[in-house]
Structures are given as structure tokens and as C-alpha cells.
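These are the structures in question, set out in turn.
What follows is chain A paired twice: with chain B in the first complex and chain C in the second.
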Partner chain A sequence: MKRVRLDPRTKLYMILVVSSIVMMSATTPLLWAVRLAVTAIPLALLVVEKRYASALRFSVLYAVALLLSFRFLSEESTGVFQSLLTGYCGIVVQFMPAFITAWYVVRTTKIGEFMSAMQRMRVPDGIAISLAVVMRFFPTIKEEYAAISDAMRMRGISLGGGSAVKMVEYRMIPLLFSCVNIGDELSAAAITRGLGGKGKRTSVEILRLQVFDWLLIAAFTAAAGFFVVFKYVL
Partner chain B sequence: MNAKQLTAKDFITIGIFTAIWFVVEFAFGMLGYIHPYIVASYVVMLPLAGAIPMMLFYTKVEKFGMITIMSILIAIIMFVTGMGYLGAPLCIAAGLAADLIAKSGGYKSFKKTVLSYGVFCLWICANYFPVIITAESYRRGLVEAGFSAEYAESLFRAINTRTIGVLLIVCFVFGCIGAYLGKAAVKKHFEKAGIV
Partner chain C sequence: MKENIIEIERVSFRYKGSAEGLLEDVSLRVKKGELLLLTGASGSGKTTIIRLINGLIPHYYPGELAGSVTVAGRDIRRTELYELAGLVGTVFQNPRSQFFSVDTDGEIVFGPENIGLAPEEILRRKQKVVREMHIEKLLDKSLFALSGGEKQRIACASVSALLPEVILLDEPSSNLDQNAIENLREEIKRWKAQGKTIVISEHRLWYLKDLVDRVLYMDAGVVRREWSGRDFAAMGSDEIRALRLRPLAAPELLAPDCGLACAGKDGCAMTEDLSEPGGGIVLRDFYFSYHRKPYLLRKKRFAENDPMLSLRIARLVLPKQAVVAVIGSNGTGKSTFLKCVCGLVKDCGGSIELDGKIYRGKDRLKLSYLVMQDVNHQLFTDSVEAEVLLSMREKSGARYAAILESLGILAYKDKHPMALSGGQKQRVAIASAIAADARLMLFDEPTSGLDFSHMEKVGALLKSIAAQGNTVLVATHDPELIELCCDYILCIENGKLGYLKKTRPRIGVDGVSA
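Moving on, here comes the complex of A and B:
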């Protein structure tokens, strides 16, 4: 199958629409259907990108949470277990669609594409560069954190002697150390490649909205319009 | 190039610290689903927990705009993660004000840094905005999303138009306390190691 390459601008639009729809609460089965459809698209795109494991994981998580919150939780639920369950389902049902979309975008957008798209949309450099760094930095933080936890476990101080302050301190300080160093390396690398120079930057990635992009944009616009009309007008 | 202008290095620093700050916020934010009073206590936890990275960030801030850009990024991330756009203006305003306060101290004065961080922390209250402004529909949304009526009740008992003032003040105060603690931590670990 020919690989579908989406334009980063389409992806950003997708994020925009999905998070707006997630923000408005779905009240009728019809609205839930729209919400599910909107969630299904990034999942399908994950499959197209051959990210089967994450697609499956997300689908299962989301399905279980939906099922639980519809079957077992209601206005009358009380008790500790119930409220923990509510918490879990609440997070997942509420944020999963936006999370899946964001995950898809972060995992499949090359930094060059992203920067080039930002430039085309005339986003100021400051915001574009910082946002690109944020996007790329989450996986780094996760890696560093795992390394720190490993080191702590090896020395048997993973609970920080039972003190909450120590637990935070033991983790955060080493993490900050490595992040600051990585940041310095990152800026050195970026500046050698001409970031922040005076000239207009060119890009190897030539961005063009293709048929598939337009189709998706149309689909998402329709979904958002549908949602708003049925929620607020009818 | 103008020395006052932000360079690519500054932008990368902003990006890194925003990512760290967001991870910290996210980790604590998850606790809020256990009980609504924890949601209200964000104003205590987040300024304290975020103080160490932020104080380290402040040591790297020398030019106007870095704190403002950070607040814009936070507003964008908040929107993307589905927390709404109602808080965005407060978020950016807090960032801008924090930036101006720090600037008046030349980004060196510790007193101004404390104040600035206190103001910056006010963005946390931006998270409450949807709860207050759209109270009725938010409540309905919560219950329909499977939260119990008990959760919704406690949430609105803790966060409403009357308590928001208190929350803002508490947030500011703990921001200032956090700044002192964060500064101590930075001094203890980073200045000795010669990183700053």
C-alpha cells in the first residue's frame, strides 16, 4: 500500500477539531457517535502508519473505559472504589480522543515538516521553535526518567526513605541536570545547522495539500459543524 | 544581532522547561480525579512542585519575552489536551505580568523573581475557569461523563465564584513560598555543581 503522507497542517487542524469536540460534552447518542467517529480517524491513521501496537492499546483502553462508564457508573455511585473507577474512566473518556490525536501527530511528524508548516502558517519563530522542542522533549524526559529510576532501584533508594519531599527531590534534581545538559547540546546542534540565522529558511520537505488532506479537512469540519449544530441549535 | 533579541538558544531553553513543567503538572493533575478537594489544592501543590524547575529557568532568563512565550505555550498545550480556551487569556496575562515584574528587577533581583513566580503561578487558576464560568453546563457534562453527583457537588463546593478569590491569593502565596524553596534547592544542587 502506498504510504499516506499527511500534511502537518492537516494534522494540526485535526488536533484543533478533536480537542474542541472533546471540550463540549456529548449529551445524546448522536453526539457520542460523532465523538467516536472523530476518535476512530486517528486510530485508523495509526494503523495505516503501521503502529499496530499503539492503535490496539488505545482502542482497548478507550473501549473499556467507555463500557465501564456507561454500564456501571452513574450519578448515584459512591464509595472509594467507585470514585477511583470514576476517576480512571473520567480521565480516559475525556482526554483519550485528544491524546490519541496528539500522540499520532507527535509520532508521525518529522521535525523538519513541522517547522516548515509553521513557517508557511507565519507562526513567529519563537513559538514555532519552542513548540517543536516541547514536542520532541517528552520522549526524552521519559527516557531520562526511566534511567534515573533504574539507577535509584539499583542503590535501593527508590522510595526516598519514605519522605515525600525526598521522593520528589531525588527524581527531579537528576532529571533537571540531564535535561539542562541535553538542552545545551540541542542548541549547539541546532545553531550549527543555521537555526536562528538571519536568512529565510528553506526546507527539503515540500508541503502540499493533497486530495487526502482535503478529504480529512472536510470530514473534520463536517464533524465539528454537525456537533455544534446538534448540540446548541437543535 | 541585538543583544536584547531572543536567540534560538533561548527558544530551546523555553521549550525544554515548558516540557518539564508540563510533565510535573500532569503528574499532579492526575491526582485530581481521586477527589475534587485535590483539584482545589492544586494551588498549593503545583507552585511548590514546579518551583525547582522554574527557579532554574529563571536563572537562564535574561531577556524580555521568555516567560511570556512560556505562558503562550502552556495555553496552547492546555487547549490541545482538552482543558479549554477560557483560561488562555488569564494564562498569557499572568505570564506577561510575571515577565514585566522580573524585567523590572533586571532578571537578577531575587525579590522580583519571587514576586514574578507568584504571579506566574496564577495561571494554575486558569484551569478553574471553565468550572466557574460555565458552571451549569460543566456540571451536567461531568455527571454525564460518569462522574458521580457527589464528585460534582464537592467540586462546586470547593471551586465557585466566592472561593476563586481565596484560591488566587493562596496560589500567589504558595508561589512565593515555592520560589524560596526552589531557590534553596537550586543553590544546594546546581550552583555547587557549577551548572548555573
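Moving on, here comes the complex of A and C:
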């Protein structure tokens, strides 16, 4: 089977719609249904991209939070544990859809595609390059963070010797230093290869919105419209 | 006479905010099609010259620049960096930080896209480069999943795709194993055959000696000596050593094939050396696989007969008070081995027996200490003193001073670790390891990118750590380091033990036969 490759513009539109929907609270079962539907789509896309482990992890986390907040927790929940749990589940239920979508987009979009999409949308190069560097840095931060965590475990200071401030400090200081160093070398390498020139940048990624893109755009537009109409108009 | 393509006239340079000048009145000319090698100690100005030619000085690294630099008739000072992109290409030292994309294809076309070539032309160039370099297998992959050598090949490809006339390489072999260096050599050879002008700054000389046209030896910002390629290749090893350079002879030591003599159940033991009381350090049942997906809750256990194992060590006896080199090609399990031994890989079982006591699981972390390749990852505090005290179980001022003294870094005790040089940082990390009472010290590539003198210092340090009663395991591609300080060689291939053998009697650090 040919892999479905979505246009980055469709993906960005998905992020936009899903983040808007999570910012509006769902109040009726119908609105909840819309919300679940827009969460299910990026999950399904993760499965299509063969990212089974993350799809499974997200689904379980989201399902547990949903179940807990609807079945076991209510406004009468009291006590430290229950209030913490309510807060935690509330946040997960509310914002997880946007997180899943963003995760899907960052994990499956190539930098070249992204730059090309930005150009097609007439986004200035400065902004496009900065966003591309951010995407490039996610895996770097992950690598560096893993190495630093290892080093901390070796020193027995993973818990910062009991101090929460130290715990964060020990993690952040080396992380910042290595990210600054890598960023510096990275920019030097990129500008020797002509990044930031005055001429117009080209791209080998030919972007075309295909049937599947249009279907998704239609579905997400419908979801957003539906949400707004049923929540604010009717 | 061919024309000069690079002309550096009476250049002096000092980085902004630095008191010392890095280059003093340097003049050099490079002819079109010439392959020039710059060598000399770290900090002698090699990298600065590379940066002068590609324009990073003064456009990216500002400073006081006197004199003139001209590349292909352009005054570098008045040329914008992006105008140089199609003319001068640079391969940098660190494969990790020189790519902009996340995927290999995107990286190869990145430069041509920047200078605004037509997409058809870019794809044509990409295909050509891929075919010439035989890197079809590396396409459509994440750069983060590649080994250092593979990353460096992609870096070469992305420079090639811009078709520059001048190609600069800044210590390109620092992080590479011998196979990857052979690949790099082939690449340089091809560039030379295409008539490119090439300038390389490098410590390792063996892979370049029969390719270079001219060699410059730099010292403290001045070009001290100059040889033709032929004269340089014919130099005796005494002369090379007197210049504090790495040897010209190709190392035979790190031949990739290690055989699998010890892969079986009984593993390897240096029995003849273990007659000493207390025996050696016995490692048992280290199995680990990257290919098995983690279960959600259950802890992973790897069986010995699992065909997908990335590390398979049934039994290994290591000598005490010795420096053991761990060798093997890139991506063959050296780093995995080190991380498993010191207990950093949670799912890797295995036990270490030392002095009749058996350490498992987290206890292994207390016994051992890994000095990482990038020591920046393991410096956490705001002073050297705090860094060492952090590791001590019982804080003792006298002991910490003694440790710093023995490593020659007592004078820096109040400095911020990040403000120190690379070698000093490494010493701080070692000081923390000693303070933590580690008996098994592991080093991951401690000498990558170091010049001969610094490498020699690290070698002496490893020996002294072993002499104090510790066992040192050092994963390395550096044949000179092994020659200098290692007592045993442990070869790992595809996660299995190849052999463990004693090194030949060697020349001691002080030049006396040991």
C-alpha cells in the first residue's frame, strides 16, 4: 500500500482547528462527540504512519483520563488526592487532542516539506527558518536530555538530593549549554551552505493537495463549524 | 604555473573578547586543484585559517582582522557568506551539529535549495552525488538514526551537491572509526580527481599522507614548517614525534575483524594474569537488545539465545589495575557495552563480581563511573569544588583537595566548569569519578579530536588511575592511545566478544620500554 502523505498545509490546518476546539469547553454530549472525533483522526493517522507505540500510549492515557473524569470524579470530589487527580485528568482531557496532533505533525513532517509549505503560504523566510530550527531541535533536545539523565543517575542526583530546585537546575544547566553549543555550530554550518541569502530559496518538495487532504480539511472545517454553531449560536 | 585560488596575505586575527592573538602575520597561497594539509597542536590556528577561507571569520565570528583574504578573486571581507556558498564548501568536525534537516534527503538538497537552483537541477545533482558516493542505502532515513561515520558521509554529500570549487575540511575524522575514515579518504580522493582545491585541518595523518600536495605545520598562530607531500610522507617517525604529531603509519591494530573466539559460554578470561589474590572483575550475563519493543509494565528480560541481541556477553573476566581498550567498529556495541556495565541501561541485567562481592542492578552504578564522550553532559554545578563534593559520600575537604591536586586542576577550584577547556572539563569529570569511589572507570572515546600532546596526557592519566587500583575500560578508535597506555585489548563485534588479549610490550610514556 502506498503511504498516505499529507500535505504539511493540511497538517498545520489540523493543528489550528484542534487547538481552537480544545480551547472551547465541550458542554453537551454532542460537542463531546465532535471533540472525540477530532482526537481520533490524528490517532488514526499515527497508526497509518506505523507509530503504533505512541498511538497506543496516547489512546490509553486519554481513555483513562476520560473514564476517570466522567465515571469516578465529580465536583464533589474532595481531599488532596482526588483534587489533584481531577486537575490532572481535566488537563489531559482538555488539551491532549492538541498535543497528539502536534506530536503527529512534528514526527511525520520533513523539514524540507515544511519549508516548502511555508514558502507556498508566503510566510517570510525568517519565520519559516526559525520554526524549522525548532523542529530540528526536538530530537536534539531528546538526545541531550537522555544523556544528561544518564549522567545524573550515575551521580545519584536524579532527585536533586531531595531539592526540587536542584533537580531542575542540574537538568537544565547542561541542557542549555549543549543546546547553545549545538545551535551555534549548526548555524555556522547552515550559513556556509547559503542559508539566509538574499535570493529566493527553492524547494524540491512539490506540494499538491490531494483528495485525502481535501477530505481532511473538509472534515476539520465541519468539526470547527459544528462546534461553534452548537455552542454559541444555538 | 597554475593560478592561486586562495590568497591569504599577512593576516593577523584575534577573536573578539580574547586577549591573545590567534594568528600572527600569516601568509599562504593555495593553487587551484591543490590539496593542502594543515597540521599542528590544538589551538595553533588551523581552524582559524579554515574559518578565514569560508568567511565565517569575520562574518560569523567577529574579531580584529588585519591583512587580506581572497578566494577566487573575491575579497572575503566584502563578500557576503551566502555568495560564497556555491564556491566554498566546508565539512565540519562534529557530525552531530552540522546538519540542518532531520532526514538525509533533505540535507543533501539543503544547500542547492538555499542558493535558489531550479528543483530539476537540484534533483539531478542529488542523484549524481548519491551515485558517486554509493550512499543509496542512507537515503530516506532520519539523520538521528545514523552512526557518526554515516552522518559525516551525508555531510560530504551535501557539500558535494553545491559543486564548490574549494572544499575545506576541519578535523573531519575526529569522531570516526577506521572504516569510516577509509570512506572519507575515498571521498577526498574523488574530489581531488575532480580538480577541486582542498584544504584539510587534521591531527590524524595516516589516511592523508599519500594524497596531499603540500603540508603546513602550524604552531602558536604561525606557519612554522612547510613540506611537499612527498617529503612529508617520507619523514621518519622520530621527526614526526619530535613535532608532537600523530604517526604517519596506518594503524594495523584496529583491523575490523576480531573473530569470535570468546563468544561462547565460558567467555573470556585472562587466566594467566589472574593468579593475583582476589582474582579479576567478573562480568556475567550481560544481555540487551534495542530491537525488542518495551512492554508497558513488565520489566524486560533478555534470554541468552535471543537472536536479536545487541549485546551478548555470557562471562568476561577483566584484570584489575589495568587499562583495557574496548575496540570495534562504529555501531557495533562498544557504547552499549559501557552503558550496560555501569548499570545505565535499566533493562540490561548482568552482575559484576569484585572482591567476592556481587553487584547487580542499581548497585552497579555505585561501583562504576562512565566519563562520557561529551563531558558537558555530566557537569552540573557552578564550581569545580562543588562538582567534586557533589560526588563524595562523606564530604572531606582534604580528600577533595588531594584529588584535584593529583589531576592538576586545584588552581581552578572556584571556576565554573563550563568556563574550562575541553581537557580540563574531562579532568573535572574524572575527579568526580574518583570522589565517588568508582572502582571501574569507563571512558567513551576520551581522545576523539585531540592532538598528540593532549592524547598523551589522557593516556598518562588513564595509567595513573589504573595504578591506584582501579580498572579502566576505554572505548576508543585511537590506535595511538592504545599503544600508549592500554594493557589489554577487548574486541567487540555485533555485541559479541571477539577477543581479550594483552597488548605487545610497549614504549612507556616517558619513552622508556615498559
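Just so it is clear, the second predicted complex is superposed on the first by the 223 of 234 C-alpha atoms of A that agree within 3 Å, B and C clash if a C-alpha of one lies under 4 Å from a C-alpha of the other, contacts with A are read in each partner's own complex, and residues count from 1 in each chain.
In this text, a residue touches a chain if its C-beta (ideal position, glycine included) is under 8 Å from a C-beta of that chain, and two chains touch if they have at least 3 such contacts.
Quantities reported herein were computed from a predicted structural model and do not represent experimental measurements.
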Please work out whether A:112 is in contact with chain B alone, chain C alone, both, or neither, and reply first, second, both or neither.
second
By the touch definition at the top of the document, which applies to A:157: first (chain B), second (chain C), both, or neither?
second
With the two structures laid over each other on chain A, which partner does A:40 touch: chain B (first), chain C (second), both, or neither?
neither
Tell me which partner A:190 touches in the superposition: chain B (first), chain C (second), both or neither.
both
Touching partner for A:173 - first (chain B), second (chain C), both, neither:
both
Tell me which partner A:94 touches in the superposition: chain B (first), chain C (second), both or neither.
first
First (chain B), second (chain C), both or neither touched by A:69
first
Quick check for you: in the superposed arrangement, does A:204 touch first (chain B), second (chain C), both or neither?
second
First (chain B), second (chain C), both or neither touched by A:131:
first
Quick check on the output: what are the common chain A residues between the chain B footprint and the chain C footprint?
132-133, 169, 173, 177, 182, 186-187, 190-191, 195-196, 198
Chain B residues touching chain A - in the complex, by the definition given at the top:
1, 6-9, 11-16, 18-20, 22-24, 30, 33-35, 49, 52-53, 56, 65, 69-70, 72-73, 76-77, 79-82, 84-85, 137, 140-141, 143-151, 185, 189-190, 193, 195
Can you tell me which positions in chain A touch chain C when the two form their complex?
53, 110-112, 115, 132-133, 135-136, 139, 143-144, 147-148, 150-157, 169-170, 173-174, 177-178, 181-182, 185-204, 206
In the complex of these two chains, what residues of chain C are touching chain A?
54-56, 60, 80-86, 88-90, 92, 94, 96-103, 105-106, 109-119, 122-123, 126, 142, 144, 158-159, 162, 293, 339, 342, 344, 365-366, 369-370, 372, 374, 376-381, 390-391, 418, 432, 436
Give every residue of chain A touching chain B within the complex, in rising order.
15, 19, 22-23, 25-27, 68-70, 73-78, 82-84, 86-91, 93-95, 98-99, 102, 125-127, 129-134, 137-138, 141, 168-169, 172-173, 175-177, 179-180, 182-183, 186-187, 190-191, 195-196, 198
